[in-house]
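Take a look at the structures listed below.
Common to both upcoming complexes is chain A, partnered first by chain B, then by chain C.
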Partner chain A sequence: MIGHEFSVVGTRRPRVDAGSQVTGRTVFADDIALPGMLVGRLLRSPHGHARIIRIDATRARSLEGVAAVLTGTDLPVAYGILPVSQDEHTLAVDRVRYIGEPVAAVAAVDADTAARALELIEVEYTPLEETTTLWEAAEARHLIHGEGVGPNIHRSAALEFGDVAAGFEEADHVREDLYDFRGSTHAALEQHSAVAAHGPDGRLTIWSSTQVPHYLQRALEKVLEMPAGAIRVVATPVGGGFGGKTDPFSHEIAAARLSIETGRPVKITLTREEVFYTHRGRHPVLIWLRTGFRKDGTITAMHLRTHLDGGAFGSYGAATLYYTGALQPATYRIPNYKFEGVRGFTNKPPCGPKRGHGTPQPRFAVECQLDAAAGDLGLDPVTIRMRNLVEPYSMTVNHLRITSCGLRECLDEAVAASGFREKHGNLPHGRGIGLAVGAYLSGAGLPIYFNDMPQSEVTIKVDRGGGVTVFSMAADVGQGSTSMLATVVGEVLGLDPAALAVVTADTDLTPVDLGSYSSRVTFMAGNAALQAAENVRSRVFEAVADELGTTAEVLVAEDGRISVEGAPDKSMSWEEAVRAAVARGGPLMGSGAYRAPDLAGPYKGSGVGISPAYSFSVAVVEVECDADTGQVQVDRVWLAHDVGRALNPLLVEGQIEGGVYMGLGEALMEEQAFRGALHRGPSLLDYKMPTFLDMPPVESILIESVDPEGPFGAKEVGQGPLLPVIPAVANAIHDALGVRIDEVPITPDKVVRALRDLAKGGSGRVGPDGIPAFDYGRLIRVDPPEGFGR
Partner chain B sequence: MIDQVQTLSVNGQKHHLVVSDHRTLLEVLREDLRLTGTKHGCELGECGACTVLVDGTPVLSCLTLIGSVAGRAIQTVEGLESDGVLHPLQESFARLGAAQCGYCTPGMLMAAAALLESVPDPSTEEIRDALSGNLCRCTGYAKILEAVRQAAGGAP
Partner chain C sequence: MIRLPALSVLAPGSLEEAVEMLATHREAVVVGGGTDLVPNIKRRQVGPGVLVSVMGLPGMSGIRREADGGVAVGALTVLRDVADSMEIPDAVREAARSVASPQIRNVATIGGNLCADTRCSFINATEEWRAAAGPCLKAGGDVCWVAPKGSQCWAVSSSDLAPAAIVVGAAVSLVGPGGVRSIPVADLYRADGMDHVVKERNEIITGVAIPPQDGWRSTYLKLRRRQAVDFPILGVAAAVRLDGGDVVSAARLALGAVSPAPIRVPGAEAYLEGKRLVPEVIAAAAELGARAVRPFDNTDLGSRYRKWMTPIFISRALERLAAPA
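Take a look at the complex of A and B:
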């Protein structure tokens, strides 16, 4: 159908669930109430690092209204999202490793009783010395746990592609800079919630606000030691995810176990404070970056070091570490590239994946350094990027396969729309404009656990009345995956997407999709849906061809009819056609599956960063800064994004606007900050995020490079647009005031400090001034891929 | 905790309930009346997700003790439609993609509805001001702004 004019794809349509959303009918996890349901709560550690000497729940158990109390030894099996990081327990066993770590769980008749029961649980701790910074972790004085590759070292990596030393030899100019990206958190508006119900039939059902029902089912199977087939996970509509609901969590497993113990449904909804401790947000990363340039701005070599503060557990961190090194060559042709990185454990809530997963931090560094290098070389920020842009359909030095790539078009259009060339360097003092680019995956190339099955499966069932139901485990986290499935199937079958039923994210009912992470759903579930719909359509076309005395090849499906192309009088209604197909072949069903091609390069760590396609983005940000207060106001953002093809431009724009919003928050105010091991302000008042008043207008520019493997050519949009926003803000501030803030978030105090330094004749830079020395382990040298010319 | 009989008027319907006076309007709406359209994001008055109207004025139901609203007219998102017809805000929010995950949407709708009652043709600044107490993490507020404008009769 590519080439045929689309009837659904490319049209602006409301979400298929918009009606429920605006009437308050959407049922989120905490909205569920079952007969006899108990309220569960978790007791959390007040210590950053302590030995548990004694837990006595006797008094809590004897409180009237308490149905069950669990402690660590009740759930002894360790788990974790990655097979290589099985280091978490539902409830702490022997030791607590961060303030807020779950220690005990209760189920009671109501919330007041549950809260009282938590107070009655006696826990005796012996505090241990806390490790709360990367510097301390690197010094390895106090062991947090025995996991990882060294004392307090979770993982390290050392990779060299090409010959970096030779590359630096060729350089006319070398820059070496340090950057600090402080961590932030997702702060989705919906607090995590799970309802578990274990029935007399021995089956467990759990409704949870999770982005990954399949992985949650696997974790429950392991920890509860139950067959997966006896566990039904239903991901309720997720009230904001951004990566924060992508791990299996204590509250989910505890609710399940409490329900098994009591025989009654149990709901655990986290408080906002608990959500801050649950975290899994953006890793704080300290970055050292050395890049060599020719006089004309061409990059000859890049050497990147990243130090990640991982918090107390692994979570996705082994992948995050490699992600910090993976995508720099996806935007720029870097002929020689070296990446060294380490992730340390600290006594703080575990970090994990947040929108952009490990890539916004180095992207901030690379884009700020390119801006500075352009200044050094007398080039402008557009030219230096144009000199180095990656080519469509090329291999990168680290063996990423680039296919469709509209990065050049993104840059051209964002620069033209914003008037960047006219404004840069020419706005009055205090006003500035900045630019940056980025790239992101359309789905991780590999599943989290090794297997040779599809990464996404979709089935479609058509009833005799013509009603179409699409089944997919993809969880709608607000990104509109349910609407995407309806759009793809509606396009193939010639039906209104709003008229389709879409059943999602239910392990009993829907075939596997790995989950809503790594921007994989449009590409992978979209392709599976496309194939499933084509299978249904070919059954229908065969029947119609038979009825009309023609061949299937000449038929088209559009507007609820199957017709001979160019002869609309020779046609059948969809409903008649379905009945004809059922009469001939029985139940009308179709299935489809997607598995990414094998793209891994010839080295350990090459599984991270590969993707069947990459999106590309360019951000231009215009700011107005108050030189007295250091306050930065963003006036306007232009964001050009290569989405392959916009299946529904309305929803694509929404993702761009949301990505810009989250990027601006991280650039200017959001920080998951600690005083020692203690969170500085686990509330939405203390954790500053942009309100309506902080948000500037956003001009979205959609670039359609039509990916050859994407469904109708589509690629991702959920994460990519965030990436260039943060460095574009930093670069705009430099243009406005002449200061370089090499540390995110760029709060007013840092701007003022930089201005004072500048006034005293300093460089006007605020940022880190050192990085601890570290042994990154054995360097793996990798030859560039064949055909990677120099 | 003292249990009291309270008479609540919610979306035009009267309810006689025995509730403890320390409970919040949010809890009573969601747990006793099962009107779960009203959401919560913090229970500390920080996010605006629990916004409902009391006598036409937006209030944070998580900070409102039940005794203080007895006999007053409470309106929630479930009462925004009339006779099965969506409120213009509901229609424009749906049509323009102003809801992504949809979790902040009920509170946002109620705050916007109160604005349009008092200022039928608000300026951009008035809309931003009126909704500045309602956090949204998905949309960047862009499509919400447009939806309120259009519901107020602005050109599409």
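Take a look at the complex of A and C:
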């Protein structure tokens, strides 16, 4: 590779599936129609918390056109995405814990019959008292689960790195602030859908809009008590996931079981309302944050408390809890750091992972507090951050290994491009500019279940005509992972990525990839693909060297030819070269695998937050606020992102723009809101997301720090760019109006409240004013890593 | 996807036939563009069983300038055409342009928007959601969740066109079994969320007559969360007649989306007469107007914010009218 310029990597190319996507030819799960297929529907609980006294499905079963009805006792095995949280059932067994929880499932000849059958199922409930807020959960009066570490307490954590008390002693200035991140949902365009077909051969196939076919197969194996080898999971192209399709779901398991029972294919597609109940979205988090600073802005200590409202089940929540504490030291050098957190159960749809998984909430708090501290200390927002930036190739106090890091470059370029220094504090009243930074993992360092196998495997098969097929279980959820695989393999083999076949996300056909979550696919599947392609190329180079009477070391693969570097007349076409390789060694195949290095620190909980590499982002947001109505219009966003290496800049920009869009929605509008246990408005009219007219231009700035372990140096871009957007909006509003809204979403009524408070001589702050006292359990004290000097 | 219940759709060939169908089928209701009615049927808020589709009827759409300077608008004229027409007074045009999205404005009609059902966060939801909430008055229950102590339904008038049509003095013509009648839009509504128009079920709106606007200027301002799609959570329509340059000789002010019917504010209107639209006058009129408003917490963003915004939006509407053309 020495002296070899990239021919594919770094070039702007449309996604390999762009044509079928934009012409409506992509087959999503709900587009699948099989002969004899039945329509499945789920009956859901109208109660937030109730005991099921009786379910009688006799009338539903006898309705003409109904093929099967299932209730909780038909699927008694509990499951959950994390091995430590096996607390869900496909259909509620004797208790319902949130409004919308599935209680029964039917399969019928058509949708109308299925709907009629649901009406005929009689369920008798005894309502129980509902716990709907974190405050109530912490008071622990009404038990939702017998599980967890305390009454209604799913998990708690208490970690101290270094000596926080000593750190605060060194501080010249200490700030203590409260923040409330109210929680939101993914609202992907595609509603969840699954089609299951159990065949006469005893094998089950399920096509599902899932981000995690491998984990779904494991859940089906457990709940259906079938060997994994008899279950084929195919992840169909996903119309947006954002973390909302990373759990095994009731509709998937029910469709499978209904197909087994009826011997016919069964499709269940959720309505939009059901998607809001299925949720697994952003946890509401109440945050207490205390940070000590020296006069020059240097952080001496940070103490963070997070209280997560988890909803009714565990889902990924045990990980989410630790994620709220994990990444603060990834952007700033925090010499002493303490994290205490708790996740409670409430009678609401379960929360889980959404783009940024547990890290946007504390990021909002930290970045808002930094701006406030800068104001206290007479510093500007750029300077206070520059004083604390994490260094490339360093360890953090909580034992995260930072490798490549372009955070300083991101900050420099975003500040320069936006004119932040000239504008901040100098724009007319009502206009403002805000800045924030963030960091995110390039893949979780550990799989969700303990094993010592690779986290990603890729195989490649080349046919005699030179056609290349890449096999990977990575599910394309719109992020472009299929295109990424084609780019990596195309670069190594010197072929046009659009000409490659990529077979993905099929447990019968493709080797394991853990799934499209935690921003892991480019780094992990990309590395596996790189290795697989290099193995294929070695075989081809050996054969060509033999044919041309030279050595493999001098060969290069480019533009469909294998040539001696610097002597293009000494070459063979890719097709000739492939035939030469097959003639010498038989079937031309290659495989590759990736497993992250062991990065866990010496403490319980260290498995969350570790990653082989981190991305870094800086957002600058310029707003125009209406000081009478509190309405905030975002005029422009600059987003600088350290992506390591942009394998395809067009797709990187797409991810940045999507992250900015989602961040702006969360900052200003989106809230999964409840009245007691009842969702306030489970529809896309009531759940406010920005429209085209609300979306500003986005200027993407790509920073390439070239990670030593990433494929061609690449890192993640799917999640990181969202993180700084939310606090940057809050900071911009402060710059515009002098008010601090310490509560997300920042809706116009809150801005007006703050302005009225300011006009009356108040602080102009809207936000929480307390956090319940809580016992976070035994404090684990951890020494900083060796070499973490002062 | 939520499916429609089984229902019959009748397609009359003439207005007379349509009236006859409505008389024959006692469950039948009129449907035009269907952008309000169809989602409500899907959510089982209403279950008419029979729809009489007037969309294909000839001669009921289009905008025509009358000899007296007024404008006749066919009831089936789609909102896109209303928004685009220079014949239409500003308030109505601006209101039409503010409705929903281009796709919906291509289908929704002016007659349909004027009759659009009232909305409430406790009613505009699926049957399953309403069952979980417990049915409210409008959903066949016996309590209004918005004002549980009262016995009235407070679902909100959510037509953008209604306040705008009121301030330009528009009237609707109706045809029914009893013949033809005309009602000023100002008299079309009742302050009852469950029965908000005086139009009978078996009557059809055939047109909207807008009188000449000599000397009048009008405007419409809409409060909503996003710049598209959303229904109003406050709509302010204002019109003033300016004589002798800048003195108000007559004023009309109508507030939408804060009550089951658009609210006229005679006190503010009378106050404005004979005055110039200077800042103090505008502020005083806005206070008078806002006093008439007592929104409930049954739309986006809640009651307090909408109450706060009312004087601000009235002021802004009047400021816009005060600005030189």
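The working rule: the second predicted complex is superposed on the first by the 788 of 790 C-alpha atoms of A that agree within 3 Å, B and C clash if a C-alpha of one lies under 4 Å from a C-alpha of the other, contacts with A are read in each partner's own complex, and residues count from 1 in each chain.
In this section, contacts are C-beta pairs under 8 Å (C-beta built on N, C-alpha and C of every residue); 3 or more make two chains touch, one makes a residue touch a chain.
What you see is a predicted model; the values in this text were computed from it and never measured.
In the superposed model, A:Gly239 lies in contact with chain B only, and not with chain C. Using the contact criterion defined above for the overlaid structures, shared-chain residue A:Glu221 touches neither chain B nor chain C, since it reaches no partner.
Put chain B and chain C next to each other and count what each touches on chain A; the higher total goes to B.
In the superposed model, A:Asp412 makes contact with neither chain B nor chain C.
When the shared chain is aligned, chain C comes close enough to touch A:Arg44, but chain B does not. Once the two complexes are overlaid on the shared chain, A:Pro682 sits against chain C while remaining clear of chain B. In the superposition on chain A, contact of A:Thr271 is made with both chain B and chain C. Of the two partner chains, both chain B and chain C are touched by A:Leu693.
With both structures placed on the common chain, the touch criterion links A:Thr26 to chain B but leaves chain C unconnected. Contacts of chain A with chain B, set against its contacts with chain C after fitting on chain A, overlap at residues 271, 683, 685, 691-693. Those residues of chain A lying in contact with chain B across their complex are 14-15, 17-28, 30-31, 33, 186-191, 237-242, 271-272, 477-480, 650-651, 653-654, 657-662, 683-685, 689, 691-693, 695, 697-698.
Residues of chain B touching chain A in their complex: 30-31, 34-44, 46-47, 49, 76-78, 80-81, 86, 89-91, 93-97, 99-106, 109, 127-129, 131-145. Those residues of chain A whose C-beta lies close enough to touch chain C in the complex are 44, 46-47, 99, 111-112, 115, 269, 271, 273, 628-630, 669, 678-683, 685-686, 688, 690-694, 747-749, 752. Taken together, the chain C residues at the contact with chain A in this complex read 1-3, 6, 101, 121, 124-126, 128-129, 131-133, 223, 225-231, 300-302, 304-305, 308-309, 312.
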